[in-house]
Amino acid sequence: MYELGVVYKTIQRADREVAQKLAQYGSATVHEAMGRVGLLQPYMRPIYAGAQVSGTAVTVLLHPGDNWMLHVVAEQIQPGDIVVAALSAPNTDGFFGDLLATSFQARGARALVIDAGVRDVKTLTEMKFPVWSKAISAKGTIKATLGSVNIPVVCAGALVHPGDVIVADDDGVVCVPAAMAPRTLKAATAREANEGEKRAKLASGVLGLDMYKMREPLAQAGLRYID
Amino acid sequence: MYELGVVYKTIQRADREVAQKLAQYGSATVHEAMGRVGLLQPYMRPIYAGAQVSGTAVTVLLHPGDNWMLHVVAEQIQPGDIVVAALSAPNTDGFFGDLLATSFQARGARALVIDAGVRDVKTLTEMKFPVWSKAISAKGTIKATLGSVNIPVVCAGALVHPGDVIVADDDGVVCVPAAMAPRTLKAATAREANEGEKRAKLASGVLGLDMYKMREPLAQAGLRYID
Amino acid sequence: MYELGVVYKTIQRADREVAQKLAQYGSATVHEAMGRVGLLQPYMRPIYAGAQVSGTAVTVLLHPGDNWMLHVVAEQIQPGDIVVAALSAPNTDGFFGDLLATSFQARGARALVIDAGVRDVKTLTEMKFPVWSKAISAKGTIKATLGSVNIPVVCAGALVHPGDVIVADDDGVVCVPAAMAPRTLKAATAREANEGEKRAKLASGVLGLDMYKMREPLAQAGLRYID
Amino acid sequence: MYELGVVYKTIQRADREVAQKLAQYGSATVHEAMGRVGLLQPYMRPIYAGAQVSGTAVTVLLHPGDNWMLHVVAEQIQPGDIVVAALSAPNTDGFFGDLLATSFQARGARALVIDAGVRDVKTLTEMKFPVWSKAISAKGTIKATLGSVNIPVVCAGALVHPGDVIVADDDGVVCVPAAMAPRTLKAATAREANEGEKRAKLASGVLGLDMYKMREPLAQAGLRYID
Amino acid sequence: MYELGVVYKTIQRADREVAQKLAQYGSATVHEAMGRVGLLQPYMRPIYAGAQVSGTAVTVLLHPGDNWMLHVVAEQIQPGDIVVAALSAPNTDGFFGDLLATSFQARGARALVIDAGVRDVKTLTEMKFPVWSKAISAKGTIKATLGSVNIPVVCAGALVHPGDVIVADDDGVVCVPAAMAPRTLKAATAREANEGEKRAKLASGVLGLDMYKMREPLAQAGLRYID
Amino acid sequence: MYELGVVYKTIQRADREVAQKLAQYGSATVHEAMGRVGLLQPYMRPIYAGAQVSGTAVTVLLHPGDNWMLHVVAEQIQPGDIVVAALSAPNTDGFFGDLLATSFQARGARALVIDAGVRDVKTLTEMKFPVWSKAISAKGTIKATLGSVNIPVVCAGALVHPGDVIVADDDGVVCVPAAMAPRTLKAATAREANEGEKRAKLASGVLGLDMYKMREPLAQAGLRYID
């Protein structure tokens, strides 16, 4: 249930350095490092391939077909933030285009994550302003109804509090609660530590069956090989 | 309700110059300029990114799994036309491939908009023949049942009359009725007139809140700021 | 109905040369050459554009959220194989990433076709390891339940036996039963034989209506032209 | 493309008697009698089983989340009408409930066909006011934006003109253009004429293969029987 | 982000009487009384028509294909509770059947709201144990992985805290935060107060246009009537 | 891959008595008894609630929009059979209505399972001829293209051989391979043996936690209770 018509100006952002460092590990590793939770639904897709970012969430609640609050949230953006836009009901209209992107970028926003549609995607791609969205749509919106800024929101099935860390790449979007960010960074770093070694082994033809010592548990589970 | 088995050879095309000029504004601006109507459903996606076209609609009604009428419509294409293909029932088969595209291109068609599937998308991309479709599918079709050419059709939820202007880009597809094309072009031109100025202001850090004078109406609507 | 917990080590692969040669014709032509059957559902999409492959199927049955058997199937891969992964119930989790891809590639696999999600798509693209999947998702999986390897599976609506030929490109994925592969290759070759000539004719402005002699059957079917 | 903000008070309704008589044949027979066209998409479902109605269309165009125009259309209803509500963009909110149904019923409306959601379905069922809709949803709507009444609309993929005949039952909804209604009634009557006789034959064990004389065309098409 | 492997035994339930009284108003009125928020997605449907309940939420987080925690949550049920089951990833398996329903009913549960599938729906209907779910599926589940009980969950897009009031009927499911329940009850009661009077007026033929005094605002918005 | 244009007249049906007895256990129990496999996708829904049947599969492969082969399969029906209709590509048209149902019923068919649409559902309900389908649609079909009868088919994601046992009820549809039917019946009987006792215990307030001795494994898995 959402509180409407309110803008929280002061939020507790996750540690800036931690927030920044999580980008390099990507959404898959970060979500594993948190214990396999925190992902937004996989229908959230990037408007262009290759972007990989992280930052602190500034949240906004919008109503279907109404993007007024995106102008309100712009003022609350600080450098390093990622805007997370939730909807009070499902909608695929194009809430965000090149003018808003110019403004967000000028304020220091790194990306937009929106559980709705965006437009001007060609220009956004040229501007290198990444967006993860549910749809692409030329459909415009009006400016008539109040939502809220910096309240906890449910975006694409995930609960996001203002100040949480968002990590997004071609695989999807994950939300790391601010309090968990430092230990998640540590866990992600640890997970990646021997990835290179593993990759080299697998590339040389060693099987995961042997590298991960799976043959015995598979046999115990009853796996039968038939020639 | 559709009239079946008929080809209208003479249609009233929108003014050629107007039809051509609308492309530059893109589907989002044109749909705004019309009063926020005329868009096809957002499930219509381009087979490759970056194409931006406009042209006069030549329409065709197809039946599921049957592309016979695409050969019939080819003959009715004039340079600058965009073929708009509607289906009598939902279907995702691959109605259109590189051979038909070669023929359409030879006749002067600028694009295909089809509420179904297409195939040979790699070759179509190399040929630079843009298609907006509901699906990509290798599934072939037969040639057995009559539809119609140049009747009014419902394509992806939008009513398209032969001769209307179609504008399509990465954001989607919009249909401008022929009679509305001149005033839509004027309105689109006006909308774009001071876009550069706005963009510069926003890029310099001016907020939309101030540029669009939204603070007062937001306050009147009851927006509260909490420190 | 699936047999669980079993790995068939010996399968009858389609002729290697035939399997390799089918790639060049692509999924659309091959499916036509088989009599318009054998296609997987069109929701199966490549993670990057442009790949066009064929190979012999090594099959694996997975359970939702569990990728254990992908490690088991890796050992059964021979050079020129394509892994076809079916699910016992619908699921979009990310079953496959860069480490498994490294292993599959080292074993000689040409591609993965999976009726579920994949992740690390940026790296997979850089590695040039093509995947056709139902979804992209960062969501990780566990390793807890036995499926099977090299049993007949239903993948995206199509029945695939181990050893069948898989042909996949931007248009989709088709399965050619091993026994039908030679005659399908012959039929596909025949279909392509005069494609160049047809394309040249169409490019010169000849209509399909005339090239395919459709005017008479259209008239017989009752098509009326109205000036 | 829709004309907005206008109410056409005078429409040409299909012949009342014809409109009423079509109900008895049901949507399937009527759509066959028209040549297999005119159906709304099958996602349009009745809120309760068993209703079977026909009537003349009074149309209304609504915007997502806004049911203002349903109050406007109420005044245009005449006894024997069916209200057909189209949306300017996809939406599943609950636009219509028991109060509006009371008003529509008082005006003589026989049903509502709406390409969106409805609510109070328990009460509507008790009131015996049938609705065919895309969704059931408790979500309320606002009253802020003008649509139009009695313009041609696209509802669930079908073009409906004011005055057309709507036939709806458990199988779906079909729109019969006013001008085609008399001949469609005749054709539907003819189709049903010997249904009883056919049914009796089939019930006695006679096969459709023999009753419809299909054995020869099947053999000619190449059907082979294998013992 | 979810805390896993924990059961909160003590939760602050909304006032029992308030929770009970909300049922009579139904989900549509309650959601309006809260300011048009709090609804679960409309894909949540009752397994049989006619049930209308309210109660205090006991929450449980489940993993796809694993219903272990439903046995854990059973112990935390108190008379008048409604179990709200969320999933860590989308899934349609049949998590709940007649045995669990017998147990829940014995503990005093009034209903289950589950963002996944249920089975044994025929028996559940006979038992008069209402369930709102995303799917009906015979697919069984395993008991292998820990979720949590009585943590805040996102169920069908809505945030539900343990102790909140759930109101569910044929129109859908709404969640009322415990703190808002008393004033929501008051507002719902007020909304219903003169419904009977309104219904009588509308039934007598008075138009909403007049009863709600809409003619002037419609004219001001520019509505034109054409004879 | 399907063999087209062929009717296998002789099939090996599962034991008649076994096939009949499975109905009483329902789809959920039977699928569990087989090891949790064999289910058709949950989008297959009964056209009316309450039917619970089992029988031997007679299969038919249809093409989109073409129901010719349903007349061919009618002749192959023996008393106690259930017709299983698969499609060569997804389609929701209404392939089957009251006349075909009359014929099927006269031949002794117990039900139809079809991965497409049906119509005349009101009459089918009155006739007590149960159908499990993907859709309900008034859309008619033609009779033009050959499919096959009594070949193995993939229906709603499940592989069905002619002669297999189909069990269908309100929870869904399951396919039991003929060879597995006797042992599945035995396993289903065993599963149900002490259901009554379990239900009585649970109804008396005993928890599944205790009845199934789950407390220890839950503790071992790390479940923590917090007062």
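Some observations on this one:
As written, the chains take the letters A, B, C, D, E and F, and residue 1 is the first residue of each chain.
Going forward, a contact is a pair of C-beta atoms (placed from the backbone, for glycine too) under 8 Å apart; a residue touches a chain by one contact, two chains touch by 3 or more.
Please read these numbers as outputs of a predicted model, since none were measured by experiment.
By number of C-beta pairs in contact, A-E leads when A-E and A-D are compared.
Here the CA centre of subunit A is 41 Å from the CA centre of subunit F. Centre-to-centre separation between subunit B and subunit F, using Cα means, comes to 43 Å.
Work out the mean CA point of subunit D and of subunit E, and you get 31 Å between them.
Contact with two or more other chains is made by residues 36, 39, 89-90, 92, 139, 145 of subunit B. Interchain contacts (touch definition given at top) occur between A-B, A-C, A-D, A-E, B-C, B-D, B-F, C-E, C-F, D-E, D-F, E-F.
Here subunit D touches subunit A in the complex through residues 63-65, 89-93, 139, 142, 144-145, going by the rule given at the top. Subunit B makes touch with subunit C in their complex at residues 5-10, 48, 68, 71-72, 74-75, 92, 94, 97-100, 102-103, 105-107, 117, 119-122, 125, 135-140, 143, 145-146. Taken together, the subunit D residues at the contact with subunit F in this complex read 26-28, 31-32, 36, 39, 42, 45, 49-50, 52, 169-174, 195, 198-199, 202-205, 207-209, 212, 214, 218, 221-227. Contact residues of subunit B toward subunit D in the complex are 1-2, 4, 34-39, 41, 88-90, 152, 154, 157-159, 164, 175-177, 180.
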